[in-house]
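In the two complexes below, chain A is the common chain; its partner is chain B in one and chain C in the other.
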Partner chain A sequence: MLYGTRLRALSIATLVTMTAALALAFFYAPMDADQGFMQKIFYIHVPMGIVALCGFVWGGINAIQHLRTRDAKYDLRSYVAIHLSLILGAGVLVTGSIWAKASWGHWWVWDEPTLVSFLIVFLLYATYQPMRFSIEDREKQARYASVFAITAGAFVPLNFIAVRLAQAYTHPRVFATADGGLPAKMQLPFYLSLLGMTLLYITLWRYEMASKNTSAKLRALRRKLAGDDAVAPVGRTAAPSLPTT
Partner chain B sequence: MILAQTTSALPDNTGYVAAAYLVFFALVLIYVVIMASKLARFERELTELNDVADERFGPSAPAARPAPEEAARR
Partner chain C sequence: MSAPATEPASTAPDAAPPEPRYVPLRTAVRALLRKELALELRAPQAVPAMALFSVTTLVVFHFALQRGVVDGDLASGVLWVTLLFAAMLGISRLFVADHEEGGLDGFLLAPTDRTALLVAKAVGLFAFLVALEVVAVPAFALLLLGPSPSFGAYAQLAVLLLLADAGIALVGTLVGAIAVQTRTRDLIVPLMALPLLIPVVIAAARGTSPLVLQGGSQGLEVRWLFVLGLYDLVFGLLAYALFDYLIED
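Coming up: the complex of A and B.
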């Protein structure tokens, strides 16, 4: 179950989709007349951003489930979702900065609502793990983290709205707008890249979940075989703890 | 605005594009390396627990152990 055929199939599907998406982005999609070759950055930057934000929302949904059921597995799911979204979020900020430097000549522009709103969301979630770590009581930690994940998850759609309401349309937009949108030959690589990034996120999420579950099961097995003394007590940690009995 | 046209007068920003893709692949690679080290730790712990089980209950009969292919599928 943990390292079963489903996870293997998912990994292969991710690899195939990402490879196809990048091949299409570089060899099929036409060169952008305005941005030139550097527009190719958007085939990873934008999907990474969308998937990271959706991951934060997914973390919030699992947090709701955790508060409803008090089942520790939902806290773990929420934690892993947010953890992965933070990694992707860091990738979005770095690739976005690289693009900004190439296009605008600056690594960062503070009067660009899209950039700043994404940074706010990222920094908000950057406090998630220190917040968890600061609470010693595991029950309370899980509960507070869920409340945080729900509140912050609700804040995430503001990022999308900020993009739409932004007055200065300096940030490039890839979806259809009133005066045009993504050309058809760019749509296929872009949507395939979005699918690949989603699959990558799901694959890594499942690997991380399998890893955490295996770790808990190993502790339980060690306790059964060698007694409580053989299991080192779990110190203060930001990661959720699964029942080991 | 994005226009799907090909022109020869485009600025060469290959380095920036390569850097952005490198960042992405580096992130994935680091994650995979961390996962691999975790798997190696699990393997070590399992071997250790197997030894503890052997000490307590005696070495398990080979027939009782799953075939390597079956174990790999699990």
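Coming up: the complex of A and C.
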């Protein structure tokens, strides 16, 4: 698969959707009665969290494919998915913390199950790269990383259930409240922002896939042209390597 | 004279080599488990270390919390942190001997299902954890616990402990098998296992705290048993599905 095709169109679509979503969030969506302007962070924080979690699970699905087919490309897909989700995850924790400070007066609130669950998931996935890095054998590294990605992907929903059971319902549960949830004028910007964040994730994922694939192909070509000795071997790295043949 | 003699020799190359006798799962598990327990009985390593660590941790808690006695949710927290951290020691030792002495290669040569190793290791770790708790829980009751719970409360605690041990044993076997292949084994185990075990801690700690209240214990909430049971089930299935991939080559 060519990851580099239509990257320009995808980038423009992402930019337009994100801009439109933010414009709608700031100028079209009504001001929140309780939280005022601070509530606008909701249009970034929540879509980012949803996309990051979906990315983790998607990494797990690709890991299943990898174990079934032994094809290195699925390992690379899973790696890039988890890697980008971790970056978004850091963003979720920071924006969540800012929102908590603004609405409850503390940077961190333990009785907020969704954010706490997210932190646990984030901490678990933070071991993904160190684990990969400390296994030298490439084939083994890929296999073990896939086992980890599947386990952690299945852990995500289980963890959310356990944390939610343990705590009071203080998180703004925008879709499940009795009084109808999110008002219609907030829904449009929210869903548009969710779409924009998804597009952003896909765009970044394809950029990184294209870059990693191109480097692997370049190495293979160099090796063919100048011989095996001319190309320095890849050092120890956490990133999966594609077969350079 | 020669014809009948060559007859079997000519058919021999066509005949399939003798089928390796497939060892049934139960036999393999029993043999592996016996090996596991015999090793620990002859040269006790994991269990004494875990037990000693748990008692030391209780002493550390006494000084760090600056309390002579604890009760309620504090007591529950102290107990579960102690048990969980002691379990980490057992998890990081779980596959080391097999990895270093070639036990894994020997097992791979045996004509049996790889699940046998998962079951034997998980049951072995479960037994180690029970042995740890036989030391750690009385030590905790003696050293730090303020109220003295009834026999019924201890029985309920035992149910919680067993369900939590099953979860720790399953996750520990998975994480131990991953970590033994890494260069930084002892770093990876707690980093990976602790977040994975947080649901166990939530359910077990919440379940334990009403049992150790100052003015007599209240009953155990059944939903925590359900959470632990669900956790054990999910990780049991995951370990069963994924363990084969961890002990190839």
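The rule is simple: the second predicted complex is superposed on the first by the 229 of 245 C-alpha atoms of A that agree within 3 Å, B and C clash if a C-alpha of one lies under 4 Å from a C-alpha of the other, contacts with A are read in each partner's own complex, and residues count from 1 in each chain.
In the analysis below, contacts are C-beta pairs under 8 Å (C-beta built on N, C-alpha and C of every residue); 3 or more make two chains touch, one makes a residue touch a chain.
These numbers were taken from a predicted model, which means no experiment stands behind them.
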* Does chain B (first) or chain C (second) touch A:Met131, or do both, or does neither? -> second
* Asked: Looking at the overlay, does A:His83 come into contact with chain B only (first), chain C only (second), both, or neither?
  -> neither
* Who does A:Leu165 touch here: chain B (first), chain C (second), both, or neither? -> second
* Regarding the shared-chain residue A:Arg143, is it in contact with chain B (first), chain C (second), both, or neither? -> second
* Asked: Does chain A have more residues touched by chain B or by chain C?
  -> B
* Using the superposition on chain A described above, determine whether A:Ala226 touches chain B (first), chain C (second), both, or neither. => first
* Check whether A:Phe155 is in contact with chain B, with chain C, with both or with neither, and answer first, second, both or neither. => second
* **Complex contacts: residues of chain A adjacent to chain B** => 1-5, 30-41, 44-45, 48, 87-88, 90-91, 94-95, 98-99, 101-102, 172, 174, 179-186, 200, 204, 207-208, 211, 214-215, 218, 221-222, 225-226, 230
* Structure fact -> chain A partner, complex, touching residues on chain C are 174, 178, 181-184, 187-188, 191-192, 195-196, 198-199, 202-203, 206, 223, 227, 230-231, 234, 238, 241-242, 245-246, 248-249
* Asked: Can you name the residues of chain A that touch chain C in the complex?
  -> 67, 120-121, 123-124, 126-127, 130-131, 134-136, 140, 143-144, 146-148, 150-152, 154-155, 158-159, 161-163, 165-166
* Structure fact -> The chain B residues in contact with chain A across the complex are 1-7, 10-14, 16-17, 19-21, 23-24, 27-28, 31, 35, 38-39, 42, 45-46, 49, 52-53, 56, 73-74
